[in-house]
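Heads up: the structure comes next, in structure tokens.
In order of appearance the chains are A, B, C and D, and numbering begins at 1 in each one.
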């Protein structure tokens, strides 16, 4: 009975339309409210309106949000004519007055919209959630970028390091916070509370940044292990049943996982502050620690190598590796993989930055590439992205500035002599011109 | 021995020069650091540099600060040519890209300077202190206004209501905080801890806004008294030895003092939020409260009346009053004073706002002028500024929006019928045109 | 080679002896220290000695503890002659002086030993642990009972309700505390954090008593569920995937689990306070709650029935049940089981108390037996001990005193009319004399 | 009109009688309730009854309390016959059973009364207040001593050091707590908050013991000053306007005031624990501190000297001093006063203890008498009791045990060689037999 089917479909469609209709009408109401909120200068009822706006937003569904984002992009940008006039005046006479006027007209009214919404209870959480939804639509709707730019600008100011609180996470931390760590952990999956508990014993540490307006919500957290020497594999660190060591005898602190928790705060990075602050604090507490290193994946390695191998027969064994999906026991194999990785991390650039995203983060922070460890990460994800390779980036606080300078200005990666040597060895293999770098 | 004197003077001058020289060299070093801080894009050592900048600033004395403020005004403004070019492009094609570029070049680099400084420990407190010093110089050096504008912009964002914490202040509050209340109280002097203690008994309340980055620092606080009816004098409220009433039987909550504590946060007003939030909370806690009013001074009254009386002989008795410095017992005197005050508060405008600064605040918040109380404040300050008059502004939360609208859009002050009548009576006295208002 | 074996055995024995020897020497040292601790009147170095005693105790192993307990029993009791003399004097002249002297000599010096040990950091936890070890030995060594009596006396005083803190346990509670709940839960096993999380949702509640000297250590906790009506089975309450209800619409609060956490505090019951306090607080918070009941096992039911069935053929079906290990679907079966349970709980006494231990607790608290629910607990333990039966005890705060009186003085169990009827029906079945109870 | 007068007097008397009558009837009701509370074994409604008892007690006035105390003394003591019988049985057969029985019947039921009352909210505070009232009556009514003995016994157990919390008091402490310090300070009056503030600056410290059941109520507190060397006068320490020193450079920590705050806890001394704990903690925090001393009054000095001078003409100058009320500038005068004080503190005994109450406390704690400082305390109280003399007791933690032993067992006061010499010099002056001590 195709007819019955069609009827049902139509009914369902009508129902969906009705729902979407209601949702969009709600969004339209919200847009109207936001216009009022932002023109209303006296703020007499700003608190009430802001609360209403937050409640309306939180009631929206996908179609409503789509409409809202679109309107935010179209209706809350600065007026180009006014901006041009103000810029002209400022060009003629750059005074406090003309500058003030220019700033007033060129700031998108969206920013005031978001500041006002933020004033309501739960406003900050709502806006962080809003940006997270916005980012999901951004790829397909690039005209929403200016909305994102405004949120990014505000969040950069609001989540300034000076407003963040560094807190140690341990087994006395509320379960609701620990649960979030389990959920968010991006690098090495935490398999429930008992697994997490091992990561909080006295030879491990965990620290997170929190913001006062998002209580109980870690923004970014780092997991540290105290070990005897710079580690070349992650399995011993993650093993639940391992013996608990004495932090007062450890020589090396390993940052083995750094995770951002809030998709809505993407790019508002405080991870760099976190690592350095934690290194500084641990150094003061445990003078026995001589080395602060990461144990990091090389997530762009496989993709880059696949692309490169397509052009170079000499990379055959590595190609085979790619196909086999696991390190092969051929002689010299690990060396070959290490050399290629050293090259990839120190010589491959993309718009003035290291090509690998994790390398970009640590090298940009002023870390030094200490060692390449093949067969370090047996996990599926580790194989798939990094061919099982992990590397150590070293944070020697006294050298961070120099490393950073040389990376940023001269595009030279700070690396240990061993890594340097490996990178040079890779040239022939990769068919690179051995000319001066 | 004038020569000896001259020698000493010269020596002292040399010494002062040397000190100033050292202070200014320090400021120059700081300016240089700020330039680095802001161009340095990778932030690798941002934390260290920010700390250094904060420390350098806190070591400056007056001459160093003068130099710093001047350089901030001159060297950290946007480049007019770049702004003009960006505005032209945006005018031609208003896209996310052109808007982003415009915003980037028109934001004064000062803002980034301040954001970076804020990231250091104690950075926020340092910047609030910096602005307080800046405001002291502003009158004589108007070219510093753009520096102030940037701080105002940032503080407006950072001290957003959503980031403030409302806290009740009582006798269990740390003494260090209570001491600040005693120091800051601007309206009715608190004469030490025993006096303050009376203001924190159960028939009184005190609430303050705090910001997480300035722990222990009240931003603005309000003092409330629970009484039987709308009060016409402040003395009974301030009396230390008065009987302590039962808050569950009071009908009226009086906001008898609202004080901003941080000179560096001038204009970043959260007082309006504070009053309404407290009214809302008290209403929920004590349903017996039927009325929320202030007992406020009229600080512009005497100055305005002196100016006006110079032109109107009929104001002679009031003039006499001005000279006597205290209310005279002549018949009808209080009525005359009340009428003139009612006129002043409801009919005298200055650039679209009520002329009296306190009236401006409460009427702008949507309050209603309830009653004029002559002989309400016997203090020297009360006589000097307000001729002893105090008025009640009423906060009926349901009417705030309407009152505000009528005040902002139609320049009509919401007032009780009694006050309206008094304002009309004053016309003849003041020689005003009795035409339609 | 039996000889070799014997040699090894001898060596191992020597080794064990050596260990035991060291342990016992340690205990002897501790006993000596305790003698000093208690005769030393000035307390000048009491703190240091107490710390040493606690450390020594915590280093003891089984043999050392055995020696210590024995010595505590033998060497720290009152001197019978002194006691007799003091009692005689008090008999002759009962004055404050003679009473004071009597009390001084009849108090076992052990109590002072324990009070002194308690003064060290962690002393309370050590003593609670000590008693837990002592209780393990008590059965086989009845002469240790006076040591236990002294600890019981002190703990009764120290863990007085006035010193306990009632705290709500929820998902924001530290994981270390929640882990203890999972470990200790005696009634209905908690299968990890996700299971516990369901028990802390908004239609569930959990409360515990804490003592300030044992931070992070729950003493006793109760789990509550909000439901529509008095429940007749525990499975729906324990189901992890159940829909989360609205506490503002529930009519009945069910105490479905009460667990004491500290073996060393056995008999220092605060569970009765806990239930009544929680009932009182919940009643104040949620006026919609009309009924406060437990859902409790009948852990003595099977043992009692087995004993009784051995003597009565009419109990054959129930006997069969005992053998089958699960309720049989025979007609009238549930009725028979319910009647017998009603009889057991209301008519079977043991030394003036209800025979069933759980009944003893709740009836002693003044609760009323509301309903018998067969097939209420399908768990292995529930079947093994309670034949799957659970009962509701009702806490109507206004009737607690009367119920308690009637239970304590007249040995009459407060029960609903339905339960009373069932108990009467059981007489024939059990061959009881239907005479007046 | 004497008649009218008599009538009024009679009326007033009747009124007072009526009030007393009501108060006493209330007390009788309470006594009856306490009897129930204590016989009621099941505790079913213990919480409710305890609350009622506490409320009744707190409503009593003087006459009611008098009646209550009297009844507590008479009706809640152990039964002498039962005690005698139990003691006889224990004499015959000292077993756990007979001991348990003896303890049960010899413990005054008063103790259970107090334990039950303690279980109510605010119970502990009520009992501490009750004892304070009891102590006021004790002198005139010695038969109340057994009531006091029971409270002392319980408080000794409840306020065990293991349950106390050491807290630092500083300017961030709640004003309500600081106010109590101002009120309670017994040694050197604190003249309001500004005076107290100076005592909490960084070159001063203040610590107090708190009990969890009396939140916000300091039990005993100690005030410490960090100085360069052992001080010989208190004025520089108390001076409000003095320069604030650097605690990291001080060599000497002076305990210049130790004050018990709760009259109801008299004799439940934790002051000794406090001093030693604070000394230990400060030593760990500030290794630069080399000496821990008190600066203490000698409150029994004048009374003892007056008594002695009556019998010895050679004490004439000192007698004159007594009459003049201030140190006289005669040659050798200070030496004479110091010698006599050294004698008084090291040679004058009373029932095996030092005669001076403050000496008794510190010497009993194991301190050493370091130095006698004449003209050290110019205050009226200092002159009146101590003739202006203050002494330093030294707490060298390593010697405390030995000093204590020698003081307790051999009645030898640990003193510096200077003090020893002074004490010997005093013999002639005092006409003491210079025989062996």
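We take it that a contact is a pair of C-beta atoms (placed from the backbone, for glycine too) under 8 Å apart; a residue touches a chain by one contact, two chains touch by 3 or more.
What you see is a predicted model; the values in this text were computed from it and never measured.
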Chain B to chain D, fewest steps along touching chains: 1
Inter-chain centre distance, chain A versus chain C - centres from mean C-alpha coordinates, in Å: 51
Between chain C and chain B, distance of the C-alpha-averaged centres to the nearest whole Å: 62
For chain A paired with chain B, centre-to-centre distance based on mean C-alpha positions, whole Å: 40
Pairs of chains satisfying the touch condition: A-B, A-C, B-D, C-D
Chain D residues within the chain C interface of the complex: 41-48, 73, 77-78, 80-81, 83-84, 86-88, 90-91, 94-97, 99-100, 102-103, 106-108, 115, 118-121, 123-124, 142-146, 149, 153-154, 156-158, 160-163, 165, 212-213, 272-273, 276-277, 364-366, 400-401, 403-404, 407-408
Partner chain A, residues of chain C touching it in the complex: 171-176, 178-179, 192-193, 197, 216
